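As written, the chains take the letters A, B, C, D, E and F, and residue 1 is the first residue of each chain.
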Amino acid sequence: MKIKRLPIIQRALNGRLALKALCSIILLPMIAVAANAADGVGAGTVDKSVSCVAGDVLFLFIGAVLVFSMHAGFAFLELGTVRKKNQVNALQKILVDWAVSTVIYFVIGYPIARGMDGFMCKAGQLGSMDGIELIRFFFYLTFAACIPAIISGGIAERAKFGPIMIANACLVGVAYPVLERCLWWDPDFMGVGKAIASLGGGVPFTDFAGSVVVHSFGGWLALPAILLLGPRRRRYSDGAPSVSNIPFLALGSWILCVGWYGFNVVSAASVEGVSGLVAVNSLMAMVGGILASVIVSKNDPGFTHNGALAGLIAICAGSAVVHPLAAFAIGAIAGLIFFFMFTIETERFKIDDVLGVWPLHGVAGSWGGIAAGIFGNVKLFGATKDLNFFVQLAGTVFAIALALVSGFVIFGLAKFVMGIRLSEHDEIIGADRAIHNIEAYPEDVL
Amino acid sequence: MKKIEAVIQPEALEKVKEALFDADIYKMTVHRVRGCGQQRGYSESYRGKIYQVNLLEKVKLEIAVNEEFVKPAINAIIKGARTGNIGDGKILVTDLNQCVRIRTGEEGNGAIG
Amino acid sequence: MKIKRLPIIQRALNGRLALKALCSIILLPMIAVAANAADGVGAGTVDKSVSCVAGDVLFLFIGAVLVFSMHAGFAFLELGTVRKKNQVNALQKILVDWAVSTVIYFVIGYPIARGMDGFMCKAGQLGSMDGIELIRFFFYLTFAACIPAIISGGIAERAKFGPIMIANACLVGVAYPVLERCLWWDPDFMGVGKAIASLGGGVPFTDFAGSVVVHSFGGWLALPAILLLGPRRRRYSDGAPSVSNIPFLALGSWILCVGWYGFNVVSAASVEGVSGLVAVNSLMAMVGGILASVIVSKNDPGFTHNGALAGLIAICAGSAVVHPLAAFAIGAIAGLIFFFMFTIETERFKIDDVLGVWPLHGVAGSWGGIAAGIFGNVKLFGATKDLNFFVQLAGTVFAIALALVSGFVIFGLAKFVMGIRLSEHDEIIGADRAIHNIEAYPEDVL
Amino acid sequence: MKIKRLPIIQRALNGRLALKALCSIILLPMIAVAANAADGVGAGTVDKSVSCVAGDVLFLFIGAVLVFSMHAGFAFLELGTVRKKNQVNALQKILVDWAVSTVIYFVIGYPIARGMDGFMCKAGQLGSMDGIELIRFFFYLTFAACIPAIISGGIAERAKFGPIMIANACLVGVAYPVLERCLWWDPDFMGVGKAIASLGGGVPFTDFAGSVVVHSFGGWLALPAILLLGPRRRRYSDGAPSVSNIPFLALGSWILCVGWYGFNVVSAASVEGVSGLVAVNSLMAMVGGILASVIVSKNDPGFTHNGALAGLIAICAGSAVVHPLAAFAIGAIAGLIFFFMFTIETERFKIDDVLGVWPLHGVAGSWGGIAAGIFGNVKLFGATKDLNFFVQLAGTVFAIALALVSGFVIFGLAKFVMGIRLSEHDEIIGADRAIHNIEAYPEDVL
Amino acid sequence: MKKIEAVIQPEALEKVKEALFDADIYKMTVHRVRGCGQQRGYSESYRGKIYQVNLLEKVKLEIAVNEEFVKPAINAIIKGARTGNIGDGKILVTDLNQCVRIRTGEEGNGAIG
Amino acid sequence: MKKIEAVIQPEALEKVKEALFDADIYKMTVHRVRGCGQQRGYSESYRGKIYQVNLLEKVKLEIAVNEEFVKPAINAIIKGARTGNIGDGKILVTDLNQCVRIRTGEEGNGAIG
């Protein structure tokens, strides 16, 4: 990948964005590209035959499309779970967060994560040999953009739009890429990967598809945001149900489940690595999550459809390593975790986590990271290779710590500087009318 | 002229309508409402949160009639709606001062049917 | 595929499941795998180069994801067709049936179908060379799990949850795999395949993607269940419409239509076999179904969206053989079949088949099996090869017979032992409140 | 591709279709195929190895499935945008238009576009070597069928069903294939391509994935239809909102966005041509469209979800050529175009374009064609190659002209001969009851 | 004090509201209801099953007014709702004993507006 | 016997119900309605088209009571619904001629509760 620094972009970003977001959005790239185009030459080293690259591009493309579609799933899962007066807001948050994530991750996030200088070279280079790098960016963007989508579900129905969007941009642009780099790409980065691996005699931390890096991190980031926001008005004094639409909730869950196979299987990143084991492990964990949830929740649709997700979240880490039956167990336990932790969180501790993203992504994701260390055992559990429990634990704890610190700092700052909570009046009329000036079903106004 | 209002079980609507038609009463206005009475509500639960539903689905009929139809209307409603179970509902009758047919401007007893 | 018997699993399943489903769900696999892991060695014979296998894995993976997504289609097609008070139940049935099907088909169904001992070996083996077998399992599971999904639509709004689930498990675990093996995998199995083929001088029974094996079988299994249940309360005395939500019905149909291309095209099972003919035949049959339905039903959305499915169901059998124009005719006739048979079934014979799964999957599927014998003719209809009408007829009749027998036995037993019908009270308040303790749109309670 | 003329089909189509559409639908193909099967022999020239063809078939298959799924997106985008009483009609129009487009494009459209005689040969030939041609037909059909789907959104809520369907068939069968051939396949056809290219010294007109050929053409075709129909009753006298369901609108938009990656990336048409650049350019344009729309519309969900589409529409033309940052700019400008042009069209000029298909597909598509000529500049904007502004402009103008002429002629004829507008009574009760005899939520009737 | 109840076509609501505002009547409560009268219903069909819809969509207004506004209110409603077609609807008037403004506790004639 | 009708803010329903239960009034029928009064409406916009919403979401209660419960009922409603802000709503009281319990056929004062 040919890399070029582009100081113009940086300056432009700093100077203008605050003032005239819109203008710069349109003019900036033109200037930047023009300025840059003149001097970019030289292709990256080519280490695969063209047809192999085509195969990988196609593979990553399929993955990117599948995981991109999951964002529709996030939108509808949230839309179905919140009250009717906040449905439009759920849709807008997910779509706009996606857009902002794309920009920030393109400009700084991905370069940080991969330890390179950025994409500011000529399209000719980007397109031909390096098209693989672009599609890889797209694929990992679909993961990065899960961070705001996860947080969105926890803070629903009472958060301001702009401040949260800016906070999310910081997380996707910096905090997440740092974690990604530490745990996925570069064991030498700040010495984190090495230090963790040293706990297990050099067995590296394994998080195949992001139980820890994506889900746990997102879930534990949401916790500070939820705490800083406080519960929704009357959430704990009122007897009213706070879920509006089970069919849309289920639709969101289905879209997520289907897309998840892209999330997990395509994490092999190269078509040669495609693995039936990863697919079937994802399947078994999902099914474990469904069955455990349906039993323990007495056939509650909210728990069951989220239980499937809990299983899928927990299996990301170990899906290339553990045995399908172990995957089933990991998923089933994740389903129970969601059930119990959600109840404890929201009813005992009265933490108003609307979709339950902390127990779902945070706790079940952490469980996934640790579970890979338990079931990643060739002798005992028929795994494909041995992972180290302490390494997995340490990596997981590291992600949690980073999430809590980043979350409190960034959302704390946002609260302090801009305020992150809707006014009481706006919360009563609902975010749809307050922010978007329209309701989800406008004809109903008579 | 009287106005008859009846709250019944949604299940009973079809039969009540038939009974009214049989009694030559063809005009009515129907609301979907929720009612609370002797009939116990029920509880639902969503992801562990339990909430009480004590307003149950009901249907309310409004029928404006001339005096001579009051009794037949009440009987028809009872005929269609009575199951003997709690929750069958209630019929209320109030005086009606005036009735106007919008289409013609016609007033009073003639306008009602 | 390395195969190992695992008696521990069997014993564990028998002993515990009845008592503590949940515990065993979680503990069992751990024990089982541990017990087993120690002694498993030796890889299966490798008969393809690694990169070819990767291509096939990817191909089957795409198919599995597409057909898995169809289950969301089943869920929404049913949800849209039933009354509002049974929408949650539709969602839960499809999801939980999927989960149960996965487990049972993994443990006994697929091994029966393929004539092997099961998956209880080490993941190392499962994952590397044999990943192809795992993804194949996943792909064929997506077919097997259609059986309960089909039945679900016929018995909607009045059936108990648990008993039907258990009956379905038996069907997916035993009855369907037996049929699958007879008609798809092993002509020697119980001599069925051979006997059928002998009717046509050795031309084997052809059901490329399951018109007969999947759809017809599912539809004819539903019939006994529907008869044993009886019609919904007031279905034939009331003038009320019994369909709640055309947009969701259409969404379900669309999801099914899109996923169907995986169902048919990927049934080639190997990427070299991928065929534009299969894709276009599926398309033409779908279009035939749509056009015939829209004309004959006078633009009724229920018939039109189901007509597309009828066409797709009927073309499964012959999609690799017949000419695209023949596919169109097959689909159009299937659309008519659904229109007329549904009306005859539900209005003349007052068989309360809620979604019309018997005419749709059962009759149109049977038509598909037979139609392949008619249009599968090189001379007359420009097919790619000649099929035999009597062979196709015999295979179709065999599937129907097996379906009726299994259906009456299993649902009859379920009815006798556990009861399969909701109480009148539960039916009146709806399965959502009765079974799941919640309504589809909970905010509507005021 | 082996090609055979099939006079029987033509005669049959002329003679019978008017009288007994249904009969002929079913019988015709049988006769036709039978008549034809006897004499067809000889395979086309094979210019690729079998495994390469398999790769391309798979690639086109993935694209076809993705773009086919977009039609569900069209359906739900329209369903969500129209009033409740016209939701069923939206669903039916899209599905039936798809079916009619398939037939007409198979019989005459694709042969016209590709300059060949048709598909009326034996399946054996179609299926084996030439399967690639069939799947290519399917892939380009998914584009062709966008034409009626685009028009549908503009004329919603007041148009008759049959007459519009017939007009659409003419467009998909003749007008669109002519344009496709001129601008995509055959520069010599009527000399158009050559003439346009001569404006730029031989640099050919480039429209990689159809900004001009598909979207702009569709959008500008809709304009005459909208004008000939006139605005909906009370559209400009009433204060009522005319949008029913934002969640379904958003669902439609999401489905379209996801499928779009098939639209653009698979337009390479061969797996070797798969390009990360196309994927990321599509992404950046979509994101540009979202961000520009959300800012300029003050967070309006209608504009934001359509803004994503505007960006995707505009990038089709240049997605294989321009730099990702240029793609972002193209998308952002497209978002603004939609915002301003929609408002001008519907509020200033009182042209009742229900979904805004003219500004969305027509204007943003034209912008896309022209923008490729601006940003397709190696020196200035880091493109992969140089395109010519005047060539792009000329091609775009040609498409607009053809659209306006065909649109006025065909819809004008339809209006004159059959009438294209619902009666006032039918418009008041809604197309669902008037045409389809049912409402979208039938249970609501009490 | 009187209570005026009017059942009108949904289409007419906008105009009736305008006419009432013109008559200085600004307060009202509106219900979505279904009505059955001289206006014939229609039949729908779904997958071959035909069912009769004889309860048609209507809108009901409730307006509490002092005596002097009764006539103007009725006239305004008629003005806004009359098309001359069957189904235009009906106006009912009943006595009102009491009216309380919740915000202030105010009672009687003063509370009505 | 009287019929009490109260239009309140949807937000207040829970509290009003509680207050009524405290006053030993357990039976009621509830409508979702839309109301227009002193409370200003608001405007919404969709893709640039602005429209006024002046019918706001309200809840209407209907309670049939014997005379001695009229005052307590009104007080309970006021207690639960008053916030002091415009839009709190209104209570109307009308005479009730007759009340019939469908289940038993019982009439008059005894049938009301």
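What we mean here is this: contacts are C-beta pairs under 8 Å (C-beta built on N, C-alpha and C of every residue); 3 or more make two chains touch, one makes a residue touch a chain.
Only a predicted model underlies this, so the values are computations on that prediction, with no experimental measurement involved.
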item	value
Co-neighbours of subunit E and subunit A - touch as defined	B, C, D, F
Counterpart interface for D-F, drawn from A-E, D-E or C-E and sharing over half of its contact pairs	C-E
C-E against D-E, pair bridged by the larger set of C-beta contacts	C-E
Between subunit A and subunit F, centroid-to-centroid distance (C-alpha), Å	47
Between subunit F and subunit C, distance of the C-alpha-averaged centres to the nearest whole Å	52
Rounded Å distance, subunit E centre to subunit F centre (Cα mean)	18
Multi-chain contact residues (two or more partners), subunit B	30-31, 34, 44-46, 55, 94-95
Shared interface positions of subunit A, touching two or more other chains	62, 239-241, 243, 245, 251, 300, 302, 437-439, 442, 445-446
Contact graph of the chains (line, ring, star, complete, other)	complete
Parts of subunit C lying in touch with subunit F, wherever the complex brings them together	446
Partner subunit A, residues of subunit B touching it in the complex	44-49, 51-52
Touching residues on subunit C, where the partner in the complex is subunit D	59, 62, 66, 83-84, 240-241, 243-247, 250-251, 254-255, 257-258, 261-262, 265, 271-277, 279-280, 283-284, 286-288, 290-292, 294-296, 298-302, 304-305, 308, 320-326, 328-329, 332-333, 336, 375, 378-385
Contact footprint of subunit D on subunit A as seen in their complex	21-22, 25-30, 32-34, 36-38, 40, 50-51, 54-55, 57-58, 60-62, 64-65, 68-69, 71-72, 75-76, 79, 87-88, 91-92, 95-96, 98-100, 102-103, 106, 119-124, 126-128, 130-138, 141, 161, 245, 248, 251, 435-443, 445
Subunit F-facing residues of subunit A, complex	238-240, 428, 433, 437-439, 442, 445-446
